[in-house]
Amino acid sequence: MTSGISKADFARMIAGAAATIRSQHAVLSELDCAAGDGDHGATMLRTVDRLEKAFAPGGPEDLKTCLKDAGWSVLGVDGGASSSLLGVFFGGMADAAANDMTGMFEAGLAALRKQTKAQPGDKTMMDALVPAIQALRAAADSGKSVHEALFDAAAAARAGAEATRSLTARYGRAKFLGEKTLGHADPGAVSISLLFEGFYKGFSNLKGESGNA
Amino acid sequence: MTSGISKADFARMIAGAAATIRSQHAVLSELDCAAGDGDHGATMLRTVDRLEKAFAPGGPEDLKTCLKDAGWSVLGVDGGASSSLLGVFFGGMADAAANDMTGMFEAGLAALRKQTKAQPGDKTMMDALVPAIQALRAAADSGKSVHEALFDAAAAARAGAEATRSLTARYGRAKFLGEKTLGHADPGAVSISLLFEGFYKGFSNLKGESGNA
Amino acid sequence: MKMKKFINKPENIVAELLAGFALSHPGQIRLVGSNLVARAVPKAKGKVGVVTLGGSGHEPGLSGFVGEGMLDISVAGEIFAAPGAPRCLEAIRLANNGAGVLFIVLNHAGDVLSANLTMEMAKREGLNVKMTLTHEDISGGTDPEDRRGLVGFLPVYKVAGAAAEEGQPLDACCEIAERMGRNMRTLAVAVATATHPSTGQPIFELGDDEMEIGMGQHGEAGTGRMKLKTADETAEIMLDMLLKDLDVKAREELLVIVNGAGATTLMELFILFRHVDQVLKAKGIKLARAKVGEFITTQEQAGFQLMIARLDNELIRLWDAPSNAPYFVVR
Amino acid sequence: MKMKKFINKPENIVAELLAGFALSHPGQIRLVGSNLVARAVPKAKGKVGVVTLGGSGHEPGLSGFVGEGMLDISVAGEIFAAPGAPRCLEAIRLANNGAGVLFIVLNHAGDVLSANLTMEMAKREGLNVKMTLTHEDISGGTDPEDRRGLVGFLPVYKVAGAAAEEGQPLDACCEIAERMGRNMRTLAVAVATATHPSTGQPIFELGDDEMEIGMGQHGEAGTGRMKLKTADETAEIMLDMLLKDLDVKAREELLVIVNGAGATTLMELFILFRHVDQVLKAKGIKLARAKVGEFITTQEQAGFQLMIARLDNELIRLWDAPSNAPYFVVR
């Protein structure tokens, strides 16, 4: 079954993502101190604030419109590389049909790829994002529920982020630190895994409450 | 007996003074770190270099001329307060008759007093210089030899410099450190005691050699 | 070492510093739109607009060079972070006086991402914009993509800004900026770290007796970590690398810029410059123009950037043209 | 902390920095006589000469302000040490264009000693010289003799220099300098020490969470050692003391200068200035003119000086007059 989601579903996912980021932002900044300029946690806090606002009640009813607005708003975080990339990602999600969550995430990734040549293995957010979205596709193709799909995606993102420890950075500010980045996970990749963990929790909690998976 | 001295005598005194300063300049800078800007040792090194040059062989034969030149040259050390004051002092010595050493030192002090209101007790070079010159006068009046007079002067200068430990600065840069200067001897006063110790040693050594005191 | 900076809430640093900057230079600059630094008196219609973007925390860079004869608008991001595309697009719209806009971008990952997005959006709106990238830091290697934009932005702003002021068309302004860019090289050295004003953390570590040649604008590592050297030794090592990379020949005319990183004194910069001049004389290379001071800093980092640029007659004329930017006044 | 400075032999610092300064500003200044910093193009005959003296290690102060519209000659001493009378006398002779010389002296023990000696010698030579002393540091107490000369030298150089350039006679130039001096007040604060470039020693000690209000130009102690405060709190404390001491009334017009000590960033100075402006507005005091930057530093000391000065119309006109000093260009 292809899994459509509503604005309400996505709003819950965003709320979940905001919660995980807020609980972990200090870790993100520490990682960025080791391999960048130390501001990634602060940037992600401003990013999730804006994502939440874009999905706040009273906003447009249409999910695509909300995503476009969210993307634009995140671009405006002025937080360097990651906020530009995440803005492109969320904005790009609006390019696909709203009744296909997997397609939307794929559309976001496609938009992102227009802005960066980074591939998994280059120690960037791509190391978490690409496997996460591949997991969504696999789940959808094998007819899993959104709940299950998001669970698989979060697991894949975490694994991808973990794996960046053993990589040396080839993109972004960290590129210039080369070998020195070995042993530290990439902050952007960890952010992606936190976002997907939040998507899963946010989506499922309430489904859980409403009793069915 | 009033004690005249020759250019050769004074040149030996200067050589002796240069030696004591060179052996102690680090101490002077340390003291100036505690109560000033740390450059007093360096300034005194440049000062004694110039004093020696002024009395080097080949220069003017006349002691007064040498002292005038020495004073002007020391003013040119560009070392802040102390080089200006010592330049005035040595230059001022030329205002008295060359056959009266005590009178010459008194003339130097008189010239210095035109430039500073500092009195013994204010924690400046005056705390060593004034007693040193009083000792010269006393020695002269009681008919002591130059050798003895310089010995008394050096002792008086050292005592005066020592006593500055228990004073708080009221002149110069150190003024602003007030109480903080308690416990440290005043660098300028210590320089004066080193100069007089050197005057004594420089004058006497050779006299010693030539057998009579 | 504990950070000791005169700030208020870390999250307000950029807004407050921009406000103070504008208040202290009312006759020269003002804040417009979304905290964009613009000229107090906009440029005459029909002249090319010149816009730049960059993170904050590098004052007077980059906004200190907005003014008659240089930039029209500077888009300042958060501390060490590029501003996003929306404010850059807003700046380009505002700077367009009907003759198009030159968008000068320093090669740093975040800045380039924002700039590329901005260009796509501007094109979609049919705005007439050309983007030029500065990347003159030779420590990055030979691939231009790996060469960061350091203090070389200054001559590029200056000559492109002067050309625009003269009324030269966008293509010409862009060509001049690129010619300046092709002919300049920079190398940075650091001896002591800065603290990040928002996090209070040191941005890199260096041994008590070490220096690092090739250090980037935000403490991104360089290649040459070595024992601390004298001013003359350091200047000589860096100048030789720069002359070689730019392939400077005797009798050519150079612009030399010595840029202090923050805590390194003008006293030291003069001592360094003195030896640069001696080495150039020895090689028969002409020192055409020079600038010594703090143009782009990294907080209280200690170190400096040495930049050389080959000048032709037109570039010299444009470098000498008047400017009224708060931190680059030329009569 | 080990000192990390780009120097060569400590004993050569001053000669080398002056050489580098002159080489980097050939069109504006040159070294004459015994390493005196003079204008590249001497002032026209019949105009009053303006001369100053002071220790080195405070760049761009004081020699950075030699140029058309400001100083004719600056006599630089050793690091933190006043130059002696002989070179000051030489400077006054050279600066005399037949209309006499104004000798501007900052109130520091060593400088005043040299200046007094210089004046005696100049008088003996029959030179027409007037000396004016700047002492605006209110931390010294109420006795003017105890008030040091801090960044207030800048407006005094500027207005006296502009008056001389206009061709005003020596008495008028001196009166203007003294009027500027009477109407200005400065307070300094330090949060981190500098190292003495010759000795490598820190020039004072401060706790990790302390700041000291009233710190002098060379780390001479102030009166107000306290816990580190925010930018706004610090600005407010200092501004209130200054306004009270100068007895500033609502609607009066002020010049405000925020001078960085060395390691304190322009970012911080802007944040501080922003609040100074807010407080003045709240009190109904007019901000007539402002200057934010590094005009006199103490190596890599962290802290700043806040100066306020009451301006009248003539002083405003002279402050605005053109200047071509390397570190104070006014169009």
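Letters are used for the chains, namely A, B, C and D, taken in the order the chains are written, and counting of residues starts over at 1 for each.
Operating definition for what follows: a contact is a pair of C-beta atoms (placed from the backbone, for glycine too) under 8 Å apart; a residue touches a chain by one contact, two chains touch by 3 or more.
It should be emphasised that the depicted structure is a prediction, and the values quoted were computed from it without experimental measurement.
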item: Chain at maximum distance from chain C, centres defined as averaged CA atoms; value: B
item: Chain centre separation (chain A, chain D; CA means) in Å; value: 55
item: Between chain A and chain C, centroid-to-centroid distance (C-alpha), Å; value: 33
item: Rounded Å distance, chain A centre to chain B centre (Cα mean); value: 78
item: Chain pairs that touch, as defined at the top of this document; value: A-C, B-D, C-D
item: Chain A - residues contacting chain C, complex; value: 29, 33, 37-39, 42-43, 72, 74-81, 83-85, 87-88, 115-116, 171-178, 180
item: Touching residues (chain side chain D, partner chain C) in the complex; value: 1-2, 4-8, 13, 16-21, 23-25, 56-57, 59-60, 64, 191-192, 197, 208-209, 211, 228, 230-232, 234-235, 258, 262-274, 277, 287, 290-294, 297, 299-300, 302, 304, 322, 324, 327, 329-331
item: Residues of chain D that touch chain B when the two form their complex; value: 11, 55, 77-87, 108-110, 113-114, 116-117, 140, 146, 148, 196, 198-199, 201, 203, 216, 218-222
